[in-house]
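As written, the chains take the letters A, B, C and D, and residue 1 is the first residue of each chain.
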Amino acid sequence: MTAYLLLLISTALVNNVVLVKFLGLCPFMGVSRNMDSAFGMGLATTFVITLACAATWMLEHWLLAPFGLGYLRILCFILVIAAAVQFVEMVVKHSAPALYQALGIYLPLITTNCAVLGVALLTVQEKMGFVETLVYGFGSALGFTVVMLMFAGMRERLALARVPAAFAGAPVSFVLASLLSLAFMGFAGLNFQAP
Amino acid sequence: MLIAILSLTLLGAVLGLGLGLAARRFHVEGDPLVAQIEALMPGSNCGQCGFPGCPGAASAIAAGSAPVTACPPGGRALAKALAEKLGIAIDLGQVADAGPRIAAVAEEICIGCCRCIKVCPTDAIVGAAKQIHNVMREACTGCGNCVERCPTEAVTLQPVPVTLQHWVWPRPQLAGA
Amino acid sequence: MSATVLSAPVAAPHAATSASVSRVMLWVMAALAPATLFGFWLYGWPAVHLWWITIAFALLGESLCLRLMRRAALPVLFDGSALLTGWLLALSLPPWAPWWIGATGGFFATVIAKQVFGGLGQNLFNPAMVARVALLISFPVQMTLWVAPVPLGSAAAPGFVDGLRITLGALPGALDAVASASVLGHAKTELSRGVDLLHSFAVSSAPTFGLDGMRAGSMGETASLLLAGGGALLLALRIISWHIPLAMLAAIALPAAILHAADPARYLDAGSHLLAGGTLLGAFFIATDYVTSPNTRAGQLLFGAGVGGLTFLIRTWGGYPEGIAFAVLLMNALVPVIDRYLRPRIHGRDRRGRALDIPDGEGS
Amino acid sequence: MGLLERFFKPSWGVHPDDHKRPAADVPLRTLPLPERLYVPLQQHVGGPARPVVLAGQKVLKGQLLAEAQGNISAPVHAPTSGRVLAIGEVTAPHPSGLAQLAITLASDGDERWLEREPVADPFALAPEEIARLTAAAGVVGLGGATFPAAVKFNLGRRLKVSTLIVNGGECEPYLSSDDAVMRVRAAEVVDGLRIVMHAIGAANALVGIEDNKPEAIAAMRAAAAPFGDVAIRPVPARYPMGSDKQLIQVLTGKEVPADARAAEVGVLVHNVSTCAAVHRALRRGEALVERIVTVNGGAVRAPGNLLAPIGARVADLLAFAGLAAEPARLILGGPMMGTLLPHANVPLVKGASGVLAFDAREAARPAAGPCIRCGSCTVACPMGLLPLEMASRIRAGDLAGATGFGLSDCISCGCCAWVCPSHIPLVQYFSHARGELAAGERARLRNEATRRLVEQRGERLARDAREKAAAAAKRKAERDAAKAKAAAATESAAASSAAVSAKAVSP
C-alpha cells in the first residue's frame, strides 16, 4: 500500500508529466485560460489516461506480447486511446455542453496528447504490473490536473494584470510556465526510502 | 500475419460497436448555439448586416462566416456579448459605437409622405398621409432604415440624451492602477 | 460663492487612511534592519558589499524595465518594493557569495519575476524567492558555500578593501579558509553518507547553533531572535497578520517533533527546524508577502501550513537541504486556486454564495 | 455559526477620525429664509412627484406642490409661503451635474402656514391611517436612503415586524445632524418612534446610538424612560455602524439574507430624524418642509447644525455659516458615502444630512497606485466581500466576473476605498460596474420589447395581407359574380335575341 502511495506521489509531483517530462504541453498552454475548463480538461485526461493504461496493459499482456505483435503496439494503443477519447467527447457533449464548447478542439486532441500515449508506453517499458500501471497512469493524470489547475489559476490572474505589451499573451504564459517548472524542481530527488 | 489482421479487425470491431452504442446513449439534438445567439440579437430584422434578418445573421455568426461585429444596431455591447458566447477575443476598439441613437423627425421639413412608416421594423413612427410624423422613443431601435427612405432628409438619428436615471459613473482613469 | 465645476466626478469616500504602500515597505525594512546589521557584523564587509550590490541591481532592473515601457520610473522606485525585494534576496544569499550572484539575482528578481508580469502587485511568484531558486539551480556551488562567523573586529575578519576583493572574486582562497557548513546542509550530507544524526552532530567540527545566531548560514537568516523581534513588530503594527507565520511554523514544527520522537537518528528536532535555515525569515518576511499570498484568513492559514509542510518535506526527504524557497514558490502557484475556493462568507449569504433562508416564524 | 465563525470573528469596518466636534456641540441655529427656494420634484427613491401648482400661483407654507405618482413615491410641499416662479430644470445635487425638474418659489417672507390639522391621539388611529398621513406629509427616510416612510410602514405591517430599530448610529464622520435631533428633539423622536411602532405593529423598539454621542444617549434615555418598550442601546463607534444590515446584526444578532428585506426577519429600521418627522406630521400636521443639516468641513468658518428649509441652496447654507477658505471640494452628505457636488448652486433635499466644504488639505488625495493585494479591503468590508478581486475584474472589463464576487451585495459604504494603502477608488469602480450592468439590463429589456414590436408588426402585416387578400378575393368574387351575371345576361339576351331573331326568322 505504502509503495503505491509513494508511486502516486512520485508520478504526480516528482516526475510530473508536464513540468518535468514536458509531455502534454499542447492542452497545458491551450486550455488553461480559466480554471473551470482546465479542471474539466484535467478530469477528461485523467479518465482517458487511466482507461488507456488499463486497456493497453491488457492489450500488451494478453494480445501483443503472447502473439509477438510488438510492432503493432503504437497502432493498437492509438486505436484504444482514440476510442476512449471519442467516448469522453460524447459524454462531455451530452452532459456538459458549456465545457464541451470551452474545451473546443482540445478535447478530440487528447487523442494526440503525447502524455496519454507516453504514459501508456512508459508503463510497458517499465514492465509494470496491472495495479502499478493503473496507479502510474492515475498519478500522472493527477499531476497533470493539479498543474493544469495551478497554471489556469495563475493565468486567470495574469489576464487581469497590466503585462507589458512585449510580453502580453503567450510570452508571459511561457515565462510563467518556466517559473512553475523551476518551483517543481524542489521536488527533485525526493526519496522516502531510508538513506 | 493472419493473427495481426484478425486481432486488429477484432479490436476495431469491438471498439466500433462500443462507440456506436455510446453514440446512441449520449445523443445530442441539434446545435443550440444559433438559438442562443439569436436571443442576443436586437431582433428588429433591419437588415443592415446584409443578412436576411436576425436569424440569418445568427446562423452566419454561429457558423463563423460573419464576424461578431456584424450588427450595427447592437453596437459594442452586442459584439462583446457574442464574443463571450463564442469564446473568441475581439478588439472592441474597431467597433464603431457612438452610443445609442434614435430617430427624430424635423417637423418643419416632414411632408407626411409615410415612406418611413412603411420601413420601420418596430412600427415606431406614427403619423398619417399629409400629417407630420413622430417617433416613439421607447420603440425606436435606431436602425436607420427611415433615414434612408426619407425624401426630404427630415429624419435623422440623434444621440439619446443622458438623464439622471441613465447616467453611469465613468470608470476611474488611473495612470498607476 | 464658488461655482467650481469639476472636470471628472470623484466618487465617495472623500476621506482616506494615512497608510500608504511606501510606508508599509518602510516598516518592513525597519523590521529587517536589526537582523541585517547583525549579519553585517557577523560576516563582515563581504556581506555588506553583496547586500548593496544585490539591491543596486534590483533597482537597476526595475528602472530599466520602466524605461523600456516608458513609464515614470521615479515614483515606482520610491515605493520601496524593488529595494525590499533586493534586500530580502541578499539576506537569503551566502554572505561571501561573489558579486555576480547578487547582481544576476537582483536583476532576475525584478525583471523576470516582477516587471514581466506587470510590476508591483501583479507578480505571481515572490520575486526574491524566484531569484534565489534560479541561482541555486544555476550555480549550486556558489550558492551553498557558507562561511563560519568572522565578526567585524575579530582577527579573521577581512577589512573594507579585502571584503570588496572577496566579493569581486579577486581573493581566491579567502573563502576556503573560513568555509563551513550550515546545519541543514551538514545533516543532509552526513545522512546521505550513511552517518546518522546522533553521530554526525556529535563530532566537534559539526556546526553548532543556538539562539545567538553565531553560525554559518545565509546573510540574514541566523539571527533568530532579531528576526522574531522584527516579525513581532510587524504583527504589532498589523502590517502582517499572525495567520501565515503561525501556520507555517506549526506545520514545520509538528511533523518534525513527531518524527524526531519516533526516530531521532534520522529526523532533526523541531527546534533545529525552526531556528535553522530561513524558517523565521521566511515565516515573517517572505511568506507574508501581500502580493503572493491569499487574501482571506482561512486561505492564509492553508497557505502557511502548505509552505511549512512542503519545507519540511523537501528538507527531510528532498534533494536540497533547504526548502523554504521552493515551498514558497509552490504555494505561490496555488494561491489563485486557494483564493478561488476559500472565499469569505458574504453577509446574508451562506458559504456557497446562496442567500440565507428567511427564518420561519418571522415575517410571513 | 459555531466555532469557525467565532474563530474568524468579524472585524469589519474602519475607524476614521470623526471630526464631529466642535460642530456637534454648537447650539442649533436656524437658517434665515432665503429669497428663492428650489424644490426638486424627486427627492426620494421611486417615481418623481407630479406638479399640482402653476407658475405664478400663490402658495402657503406646507401646501402641496407636487403629488406622489405611482406606488413608491412621495409628494413635495412648499417650504415657505410665496409665489411659484417657475417649474423647470435646476442642477441636481448629483456628481454628474445634470439637471432635474424643480419648482422655484419666491418667498414672501411671511412664513404663513396652510391650515394645519394635528392629530390629538395618533394611537387611536388605525395603522393604515397613520401611514396615509405620513405619506401625505411627504416623509421619506432622512438618513440618506430617502425611501418613502409610509411604504415601509405598510411593508412592516404586512410582514408582521416585531422589532423597530431606530437608527441613531450616525457613523459618518463630520455629521452630527441626527445627534442634534436627538439632543434637541429627543421627546419628538421618542413619540415619533412610538407612533411608528403603532403603525407597523411592533412590540418593542431598540434605539442604536454610537457611544461617541453621550449627550444624545443621555437625552434619549431621559425621553424614553417612561416607556418600557423603548430601549436605548449604545453601540460601539465604528463605521459603518449606521448601515441597516450591520446595525440589525449588532442589536439583534439577526442577519438579513441577501436580496431580502429587513422586514422579512422581523425588524424594520427607521432613522431618528425620520421618527421626529413622523411626530411632526401627525401631532402638528406639518408636512416635511425643513430639516436639520450639518454644515462642516475645514473651509467653513462657523461649523454647526442648521435648521434649513428644503430647497435652500447649498450656497445659502455656506454663506450663513461663513467660509474661511475657498472650498476645494463640496459634498452633500458625509465624507464616506456623500455625493460630490458640481457647485454650490444646488438645492438642499430631504435626504441631505450634511453639507461639507473641504479645504485643500482635506480634499487632497494621493495618486492611486497599483493594488498590492494587502487584503486590507477584505478585512474592512462589512459585507464580507473581496473588493480587490471585484475591482481588478472591473478594471479589465469583466463585469460578469465582478458580479460573481458579489458586486450586488456591496453597500457602497466606502470602507475598502478608505482603508486602501494604494488609494484605489474602489467604490467608483463598483458604481461604474453597477451602472453598466443596469444599462445592460435596460438594453436587454429594450431588446425584448423590440422583439415583441417586430412580432406585432409581422402579425399586423400578415393580417393586412390576409385582409387585403380577402378583400381582393371578395372583390374578385363580386366581379366574377357580376361578370357571370352580365355574361348570363348577355347570353340570355343573346339567346333571347337569337330567339327573337329565330322567332323573327322562323315565321
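What to note about this one:
Quick note on the criterion: a residue touches a chain if its C-beta (ideal position, glycine included) is under 8 Å from a C-beta of that chain, and two chains touch if they have at least 3 such contacts.
No experiment lies behind these values; they were computed from the predicted model shown.
Under the contact definition stated at the top, the chains bordering both subunit B and subunit C are A, D.
When every pair of chains is scored by its C-beta contact pairs, the maximum goes to C-D.
One finds 51 Å separating the Cα centroids of subunit C and subunit D.
In this assembly, the C-alpha centroid of subunit A lies 40 Å from the C-alpha centroid of subunit B. Chain centres here are Cα means. That of subunit A falls 33 Å from that of subunit C.
A straight line joining the Cα centres of subunit B and subunit D is 35 Å long.
Touching of two or more other chains is recorded for residues 95-96, 367, 369-371, 395, 422, 425, 428, 431 of subunit D. Shared interface positions of subunit C, i.e. residues touching 2 or more other chains, are given as 9, 11, 75, 119, 122, 339.
The residues of subunit A that reach two or more other chains are 162, listed in rising order.
Note for the complex: subunit B touches subunit C at residues 169-170, 173, 176. By the touch criterion stated above, subunit B contacts subunit D in their complex at residues 41-45, 77, 84, 121-124, 138-139, 141, 162-164, 166-172, 174-177.
Every residue of subunit D that touches subunit A in the complex is listed here, in rising order: 370, 392-393, 395-396, 398. Here subunit D touches subunit C in the complex through residues 8, 14, 16, 95-97, 158-162, 173, 245, 249, 255-260, 263-266, 315, 318-319, 326-327, 329, 331, 333, 335-340, 342-345, 356, 358, 362-363, 365-367, 369-376, 378, 382-386, 388-389, 405-406, 409, 412, 414, 417-423, 425, 427-428, 431, going by the rule given at the top. Looking at the complex, you find that subunit A touches subunit D at residues 159-160, 162.
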